[in-house]
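Below, chain A partners chain B and then partners chain C, in two separate complexes.
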Partner chain A sequence: MKNHGRWYLFFFLTPILLWLFLMILLPHMDLLIMSFRAEDDFGEMVWSFANYLNFFEEPIYWATFARTALYSILVTVLTFIIALPVSFYITHVVAPKFSGFLMLLLLLPFWVSELVRVYGWMILLRESGVINHFLVQMGILDKPVEMLYNDATMILGLVYTSMLFMVVPLISVLESLDKSLIEAAYDLGANMWTILVRIIIPHSMPGIVSGSIVVFMLTLGNYLTPNLMGGKNSLWFTEQIYNQFIASFNWNQGSAFGFLLLILSSLIIWAGLKLTGQKLSKVVK
Partner chain B sequence: MKKAILVVLLISMFLIAGLGQASAETLELLTWKGYAPKVLVEKFEKETGITVKATFTNNEEMIAKLRATRGAGFDLAQPSQDRISSVQAKFKIYQPLDYSKITTSQIIPSMLDAVKKNTQVKGESHAVPFCWGTSGLIVNKKYAPEANDYSALFDKKYEGRVSYRLKRPTLIATAFSLGDDPFAKYGDVKAYKALMDQVQDTLVQGKPLVKNYWANGDALLQSMRSGEVYVAMAWDNGGWKLHRDNPEIDFVAPKSGALGWIDTFAIPAKAKNVEAAYKWINFMLRPENAAVFTNIEKCATASDGAIKLTDAAVRDNFERTFPKKDIDNINWYPPVPAKLESIEGKTMDKVKASK
Partner chain C sequence: MFTLSPDKNMQTDLSVQNVTKKFEEFTAVDSVSFDVEQGRFFSILGPSGCGKTTLLRMIAGFTEPTDGIISIRGENMAGVVPNKRPVNLIFQHLALFPMMNVAENIAFGLQRQKVGRADIQKKTETILERVGLPGFAHKKIDQLSGGQKQRVAIARCLVLEPTVLLLDEPLGALDLKLRDQMKVELKKLQAKVGTTFVYITHDQSEALVMSDYVAVMNKGRFEQVDTPQNLYSNPSTPFTAQFVGDNNAWSGRLTGLSGNMATVVTPEGNSFTINTHGKTFAPDAGVDLFLRPEAMLIQPDPSMDQLNRFEVVVKAILFDGANSRLLATPLNSEKELIIGLPQNRQFDHIRPSDRIEIGWHGDSGICFPGKEGRS
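Moving on, here comes the complex of A and B:
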């Protein structure tokens, strides 16, 4: 009987293990090897750290990374600030029969691809776009202004893209929040701020952390939104990787950047967990 | 009884459908947007029974895709003629062409010879020309009547109304507008690097004037049409398409020379259906088909005699934009030697990162 169990386990695990090994591990190994090879002065490929050193020696590379990381943190914070009231409203304020409907409304935009959503924003915000048209019609603006192609619109797009990934974990933790705790707090004379900081946020911490990790990683690895909505000033680190592969034909440098992105973003998350005193094992549960 | 007949009918239908699928030959085509017009794809399918599956991309991604698979996955690619020899020498992603399988009599001889010469690696040529055109300026004459050279892209008058791609043609054009000749420096890496540094300074200084660096040709045409952009660096056929709808917008051959490109047919090293690839090459270069392509895309082909079969309005585009002296003034891209790409890549990164 015991042997049977093992056999079954093995049978069902094989596809996953094969998938992990062939589709994820093997290509990454190839990239890792590639990232340690560089051309020497004679055009021969040799083992070297040059690709990694380039990142630290060339200011535009690490500056781009720093910019990308800082903006990703900002996007994560903004997404949290918007998502918390939304989730609280859905779980505790609105009548339960509507909460499913509201959830559906949140999900709906994610049924179309990110590209379509970004183009939707571009149609709204461009100089000859919908919003400008109405503002001029109503006499608020004399002539249309360009709202696309700056950092603010880029952040708007990124926050919009990652909203759902913050709302879903927050809803799942807030559902278990006992309303009587909040009532008791009011009875004892607490104001809204105290309730938020001492009851709601501590209770939803696991959801906040897992949502933040997902949003941060998605934003850091996003390519489309910064590129299309940020326009000329939006060099994102992923674009730098793309450029190394596609424009410069330097796959070695590109894979080194890829691994640096992986390592540095993991470090940032680790630092974030340490600073807020959270443990990953607790969050995953 | 009725049920049985129905079942048999259904099964036979599935079988026929299955057979149809099995016998359908396909041609995996890696090409530019617009290079496989629907009418021609359908005509080709009727003629040969081969289904064309086109993937649209650009030069850089074409090379990257083929390099990733070492030349597999596609039966035919359409890189520009200047991007073949150095890439082939390094990554071996194409196979030498068998010119006896190509109806060379329907190709303009001088163009065929030039492409053969430019795509030669180890004594063997890797491409035939398909179509050609130029990069220059698309200008809205209502707002920018004086724009006649690349320097208009850096002119304060058009602040916020300028758009170009952040790709190598822009670097080359900027170098020409500085009065230099980048093609003459192709062989000298150091001199080229110095030139690119100058180009970088110009582009960084001109950055506040740029509305955006366009990446999608349709999106650019849209912003030209809506009057958001007055001066753009782009391909001639885009300008001509706009001219048809709005006579004030037109393609302008810059004073320092439009940049002439030739897009080719080249067969990837591990192509599965080589026969179909040759069939498509011969089909597309047949004058009547080439003329259909030119009418739709406003882009001239290497097909000998096709131009006579095109619409008068399309022919008129060439004559309006390129009087004799402007034709002679076109700077044709010579083959890009290795090493230049990484210099250019860094230049573009720095321009994009600058504030």
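Moving on, here comes the complex of A and C:
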């Protein structure tokens, strides 16, 4: 009986173990090795820290790096601020029969690819776009304004892309929030702000943290939206990695950047968990 | 309008005047009026769906009445939101905040009133002692037992010294033994703190044991407001007679009336004499009889000549300690009666399908005019 159980375990574990090893671990090990190798003065490949040193010596690299990190945190916070009322509305305000419908409405845009969604925004926002057209028609603007290609638009696009990944975990925690807790707090003299800070947010903490981790990682690793909606000055660190791999054909530099990004995201998530007093094992549940 | 003991010295804490609540075409609460004096334990007893929770939520301020006035210590509460009312509500499932410990739960309301930190600590300790939980301040909510949670919920409200404490079936989730224990404790606590309690429940024993006054509610209306003793011995409506305590309902037809004593013939052919307690009946009217199980005596002594006597066949013996009953049917009838079976060993010989004589005194039954045309 016991041998049987073990056999089943191996049978079902094998695909995931193979996948983890072949698709994740092996390539990353190769990249890691690559990141520590560079050409010496004679054009030979040798072990070296040159790729990592490059990063610290060139201001454009670490400036982009810091910008990407800060903007990702900003996007995560903005997404949370927008997603919390939306999730609360769906779970506790609207009639239960509509909440499924509203969920579907949230889900619907994600049935199209991110590329199409970003182009949708571009059609709306560009100089000859829909919004400009109406503003000029109504006489609010004299001539069309370029709304694309700046940081604000890029953040708008990133928040929009991330919404669902914050709303879904928030809905699942808010569903378990007993309405009578809110009423009890109200009855005991609390106002809306106190209820939000003392009852709703502490209750939702696991969902907030898991949603924030997902949104943060997706934003940090996003390539498409910053590239299409951000301007020339809105550099994203993924673009630096892309440039190294594709434009400069410098795979060693690219993999070093890749690992720096991995370390950065791990550090920020670790700090976030410490700051909110949550445990990863609890959050991923 | 029900008026209770018109004691001029007592302040009225809660006054409800003609309060009605309609949800579209459904009337949940239908023109209910009552006053509760300071320090009273007032219960609203009714079956589920009778509108008692809606009434309580209107007093707490979570729903606005469609019509009528709710005032607390003479102040009209119309438009006053729950966090500004001098009442607190203990929820059915207590609604303790699981993200806070016991002390933080109790301090929550005090913090909203901007009470100083030192005062909060002092008040929290005092109230915990009062509800019998000293030293529990730093326990987490999920470490508490059902009865302890109950006490924390009560402490959390009482610490705010509300004018009226509202309780929404808070004992419902407890097991029977604990519920009986909490009933007594709650009553004692109320007497100690002297706060006005308005308690709603569907459990008649909770209402009868704890209350000074009980309102029996049915279909959005108050059937009767009275002391527990009066409700039991003097129900003013058939609903109260059946809802409060066990009762055997029996319909019959009036065949004679002399003074207060009416003669009623049941469909089974039994003829009973019963005190009408001043109720008026039309000749040949339908009559609904209500007989308490303990009003029916098993094999009464032949010398007691004022009893209504009839024979029954025992169907089953429902042994339940001091609360044991006989399930029996009158001869030639399918009607089931529940008869009190005193556990003094006198009736140990009774077996199912025995034929025994039952007697009851005409003063111990209650009768109401029944529906016309029923025979």
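Remarks
Here is the rule we use: the second predicted complex is superposed on the first by the 285 of 285 C-alpha atoms of A that agree within 3 Å, B and C clash if a C-alpha of one lies under 4 Å from a C-alpha of the other, contacts with A are read in each partner's own complex, and residues count from 1 in each chain.
Methods note: a residue touches a chain if its C-beta (ideal position, glycine included) is under 8 Å from a C-beta of that chain, and two chains touch if they have at least 3 such contacts.
Keep in mind the model is a prediction, meaning the values are calculated, not measured.
Overlay on chain A: chain B and chain C fit together in the combined arrangement. Contacts of A:191 after superposition on the shared chain: chain C is touched, whereas chain B is not. In the superposition on chain A, contact of A:181 is made with chain C only, not with chain B. Set against each other, chain B and chain C differ in how many residues of chain A they touch, and the higher count belongs to B. Contact with neither chain B nor chain C is seen for A:37 once the two complexes are overlaid on the shared chain. Rounded to the nearest 10, the angle made at the CA centre of chain A by the CA centres of chain B and chain C in the overlaid structures is 150 degrees.
Once chain A of one complex is fitted onto chain A of the other, the partner contacts of A:249 are limited to chain B, with no touch recorded for chain C. No C-alpha atom of chain B lies closer than 46 Å to any C-alpha atom of chain C in the overlay. In the complex of the two chains, the chain C residues touching chain A come out as 60-62, 81-84, 88-89, 91-93, 95-100, 108-109, 112-113, 156-157, 160. Across the complex, chain B meets chain A through its residues 60-61, 63-64, 67, 87, 160, 167-168, 207, 210-213, 215, 223, 226-228, 341-342, 344-346, 348-350, 352-353, 355. If you check the complex, the residues on chain A that touch chain C are 178, 180-181, 183-191, 194, 198-199, 202-203.
On chain A, the positions that touch chain B within their shared complex are 60, 63-64, 126-128, 146, 148-149, 227-228, 231-233, 235, 239-240, 243-251.
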